[in-house]
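All chains are identified by letter, namely A, B, C and D, in their written order; residue positions are counted from 1 within each chain.
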Amino acid sequence: MEFGWSWHIEWQSAYEFHGHHIDQVLEDITTKYQRVMVARLTRFGKSLIIDGKIQSTVFDEYIYHETLVHPLLLSLRNPERILILGGGEGATLREVLRHKTVKKAVMVDIDQAVIDFARKHLTEWHRGSFDDPRAEIVIDDALNFIQRNKETFDAIILDLTDPIMGNSSYKLYTREFYEKLSNSINEGGGIVTQATSPSFSIDTFSGIYNTIRSVYHTTKASITYVPSFDGLWGFVYAYKGSVDTRMSSETINKLIEDRINGKLRFYDGETHSTLFNIPKNIREKLSSESRISTENNPVTVPA
Amino acid sequence: MEFGWSWHIEWQSAYEFHGHHIDQVLEDITTKYQRVMVARLTRFGKSLIIDGKIQSTVFDEYIYHETLVHPLLLSLRNPERILILGGGEGATLREVLRHKTVKKAVMVDIDQAVIDFARKHLTEWHRGSFDDPRAEIVIDDALNFIQRNKETFDAIILDLTDPIMGNSSYKLYTREFYEKLSNSINEGGGIVTQATSPSFSIDTFSGIYNTIRSVYHTTKASITYVPSFDGLWGFVYAYKGSVDTRMSSETINKLIEDRINGKLRFYDGETHSTLFNIPKNIREKLSSESRISTENNPVTVPA
Amino acid sequence: MEFGWSWHIEWQSAYEFHGHHIDQVLEDITTKYQRVMVARLTRFGKSLIIDGKIQSTVFDEYIYHETLVHPLLLSLRNPERILILGGGEGATLREVLRHKTVKKAVMVDIDQAVIDFARKHLTEWHRGSFDDPRAEIVIDDALNFIQRNKETFDAIILDLTDPIMGNSSYKLYTREFYEKLSNSINEGGGIVTQATSPSFSIDTFSGIYNTIRSVYHTTKASITYVPSFDGLWGFVYAYKGSVDTRMSSETINKLIEDRINGKLRFYDGETHSTLFNIPKNIREKLSSESRISTENNPVTVPA
Amino acid sequence: MEFGWSWHIEWQSAYEFHGHHIDQVLEDITTKYQRVMVARLTRFGKSLIIDGKIQSTVFDEYIYHETLVHPLLLSLRNPERILILGGGEGATLREVLRHKTVKKAVMVDIDQAVIDFARKHLTEWHRGSFDDPRAEIVIDDALNFIQRNKETFDAIILDLTDPIMGNSSYKLYTREFYEKLSNSINEGGGIVTQATSPSFSIDTFSGIYNTIRSVYHTTKASITYVPSFDGLWGFVYAYKGSVDTRMSSETINKLIEDRINGKLRFYDGETHSTLFNIPKNIREKLSSESRISTENNPVTVPA
């Protein structure tokens, strides 16, 4: 058969789809919350797909996870206690634990079945980090957790599914949530969130950016192309209190050497420049955004 | 997401494909010979897919298997010993064993892994027929088997994959093979073969028909629409020696009642009329066909 | 590029689609009522596509149009005056005008733009029939036309788009409409309607059948596979008053020779047997149907 | 119909495709060289598609064309005479002519039919630039033109189709061609070429980069994400002789204001930083590349 016949087709809208050929479906289950599949894609290798969206692939998950974790942690003086909301694959946890400063990393995910699935199939992602003595795994809804949490952290990493109207995750991108979250952050600490795609939902990206900017002291955005997400991906970083986040390329490279175990594949001083220099067309969109996401009037992406 | 994202896409040619949404992939393995998947398709339910082709589905396998088995067996006086070449799902065997006259059914399939797969996943197909005391399962190449076989049968049922240039099955549709096969048939016995699709490969269908006609005494063709094959499907029936195959609708219904256990869902006297009255456009193609498939110059379908 | 890139993708449901490669789009316009495209499909050649549905193709339109027209007209004694509702391509009109008995054929279509489009692009379909002196073209809504019509006809041919909830055509498949229609038919005359696909909307097919059966004296159904419709297609024929419609294969062949100009490609006595002998699975569905389509509770197909 | 049915499906490989819904096909012709279609895509608006590849769209052509033209021209002292090879849409010419320094722009394209097509359908692209008195349009093969050319230029812009084995364009990315080209460049002048996609053909991108680096004095690469190309796109810039191309963000913004008519939408000082700071994973690929494309052993992309 010269034509591929087993396909993951991902819809970016009713008018756009991308087809990825599947070499083999390894497992395909439906948990209490979602349909979870791990498959070998011809282009991206082993991949985690949840409810029709590629979550991450062995081919390029490092781009997303390094961009999510390292710019924030390296911009902090001495990040010791880290909270991860979401991140069931274990790769965000893995990157966090590479930081020599980190003493404790709490990861909160809603779906035990996804974590079990990750333990079984996604060893290339977590690489044992679930069993690191510094790691603590909590099965809970992120909003519940934050409402009851009494600890404070140096960094909080929001590795959540997109804010989709009708599911519960959209509340995790609102002003109300960011305000609550602030109580769990130490002064001088920071947060980062994935912020959806500037390619497919630029209004959501800029809305998240502007909402965070309305709550936190210093807010920055980065953008990078993630092949398996089929477009640009956005991230927003913010700090509680005044933090000077300017770092030269050389400083970044030195910090990586000093504070991170092992070798990074994507992030370094020069990559930092391409990530944080936003192209003019998107930059103008960010700076002109005035909407703020609230529980009553949330910024979301279409289902 | 309202749009389906997990798809089996079946190509009928480089210029035609049909997409079937997959609710769940139950298992997806590659045996020594082929990629074998069992999946729940939204439209057809549990389905067996081999190398990108739907082999049969719980929704409509009865159409194919009843058309393959019953017109032949009911047209024979007293079919006791039956040989099935191919048919790994066990459904052809199941239909054969419903005939009260049958004392022995030998099934020869090349791929043990497919039979194991069928035993595990396709209980709705075989319904225990693999374990019927009259059944005998042989793992062998059909051509090897026929070359060494010393037994004779009342009916031989060819439930084989399509003749594709480059695989070995194309030899099982040639004059040489049909001649060899004749040695394994009792006088007055018959054969039937699936004969590919008059919709997608009419030259192959008519070529198989004409090849069989050149070897056997009485040859007939039937055509029916199989939803999961996405078009018409052809069958060719032939007899060793002179056999009067004309049966009235009433006779067929009486034979079904007398000789078949349980109720048929598709085949009866009136269905027989629609199966064996070939529409003019296809009938003219069959009657004007002059090619004969030989090992040196085989009739095949494109890969 | 070895892979085709220009595609017509036809959805049979949210879970099934068929892709047809387009060699060239000849024209693609949106009229007051619908998007109308004529394109050369690789498999089917020049094809008319309206609102995403292949209406007919130069490759196989004869199957549909011969099945729609000839079984009805040949079953009537002396059909002279024919009414066609719909049929903008001109091919139904063409087949009607081949009957030597026909003295007048009125065709009513809602969309002048489609007829202009057909005149320009679909010469293989109409072959000049629009300009036959026996033909009369009326631009009107079929329901309006029937409500005001004072003429009577020997045969009325309903060559309409599928009954889709939300468009107006669904009214043309209801008991109220069939009752009104009866006033325009001569005693001993008949009607035929396309009745959607037994493959994709069997409830609609059986619902139309049963609705007509509740209004007319003699009702019959036929089924045939139409490649470009990607499945079986159903037709329902009915008569005003008692008409003996039984004809032997030989009688049909004789009538074709006597009453139809030129050669038919699909319909003849043997084809008649395959058309009107409905397979058991569908036959049982038809005979057990009890719903009747009414304006308040219409039988429709999903949009 | 809620599902789109008219689609452009672009294959990035045998295992990846992207479907773009088509609102309307405006024209679809086959010239002596290629199939050329202009269509309104739902996402990107009016788009030019040649042989199955989106060439540019009204939605985002500015990203590609600004990145192709401005970094080169602004890095040159006083670019007066410009040669464009390819670029049939007229948008590269349009961007070149916005430079106040430019006195002459020669554009060489092989396909008169494409230029006629662009004049008729792509007014948003060329905006009259074909008729600018400084513009000169030559219909010729680029290789022929360069072999016979006696003029010299300050900048040569290679806006060519991808190097595909089996078509002629692959010669326009070889060392032999770059050497010939050098004769047409003034000392201190520069060239730029589109260099295929780092996402889909990174070996081709790095091969082109390394080939140019082996011929020219100063060589730089940029990368940007182009939505309608469905991934990153690469560009290589090089200079004849020693040219200091370092420019601060402020310098670039000043040069844009001084030398370019009208407002840019994508390129400015900050965008320059994101374009020319290549992420680590791709940067390592570029720096480790050792292959050089030659006529006998060319670097190509699969058809």
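Methods note: a residue touches a chain if its C-beta (ideal position, glycine included) is under 8 Å from a C-beta of that chain, and two chains touch if they have at least 3 such contacts.
For reference, the UniProt names are A, B, C, D = Polyamine aminopropyltransferase.
Since the structure is predicted, the reported quantities are computational estimates derived from the model, not experimental observations.
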Which chain's C-alpha centroid is most distant from that of chain D? B
Give a one-word verdict, same or different, on whether chain A and chain B use largely identical residue numbers at their interface, taking over half shared as same. same
In whole angstrom, the CA-centroid distance of chain A from chain B equals 52
Chain centres from averaged Cα atoms put chain B and chain D apart, in whole Å, by 55
Per the C-alpha means, the centres of chain B and chain C lie apart by a whole-Å value of 34
Residues of chain D that contact two or more other chains, please. 2-4, 14, 17
Those chain pairs that satisfy the touch definition: A-B, A-D, B-C, C-D
Sort out for me which residues of chain A touch chain D in the complex. 2-4, 13-21, 41-43, 63, 199, 224-225, 227, 230-232, 264-268, 270-271, 273-274, 277-281, 283
Residue numbers on chain D that touch chain C, as the complex places them: 1-11, 14, 17, 24-26, 28-30, 37, 49, 51-53, 303
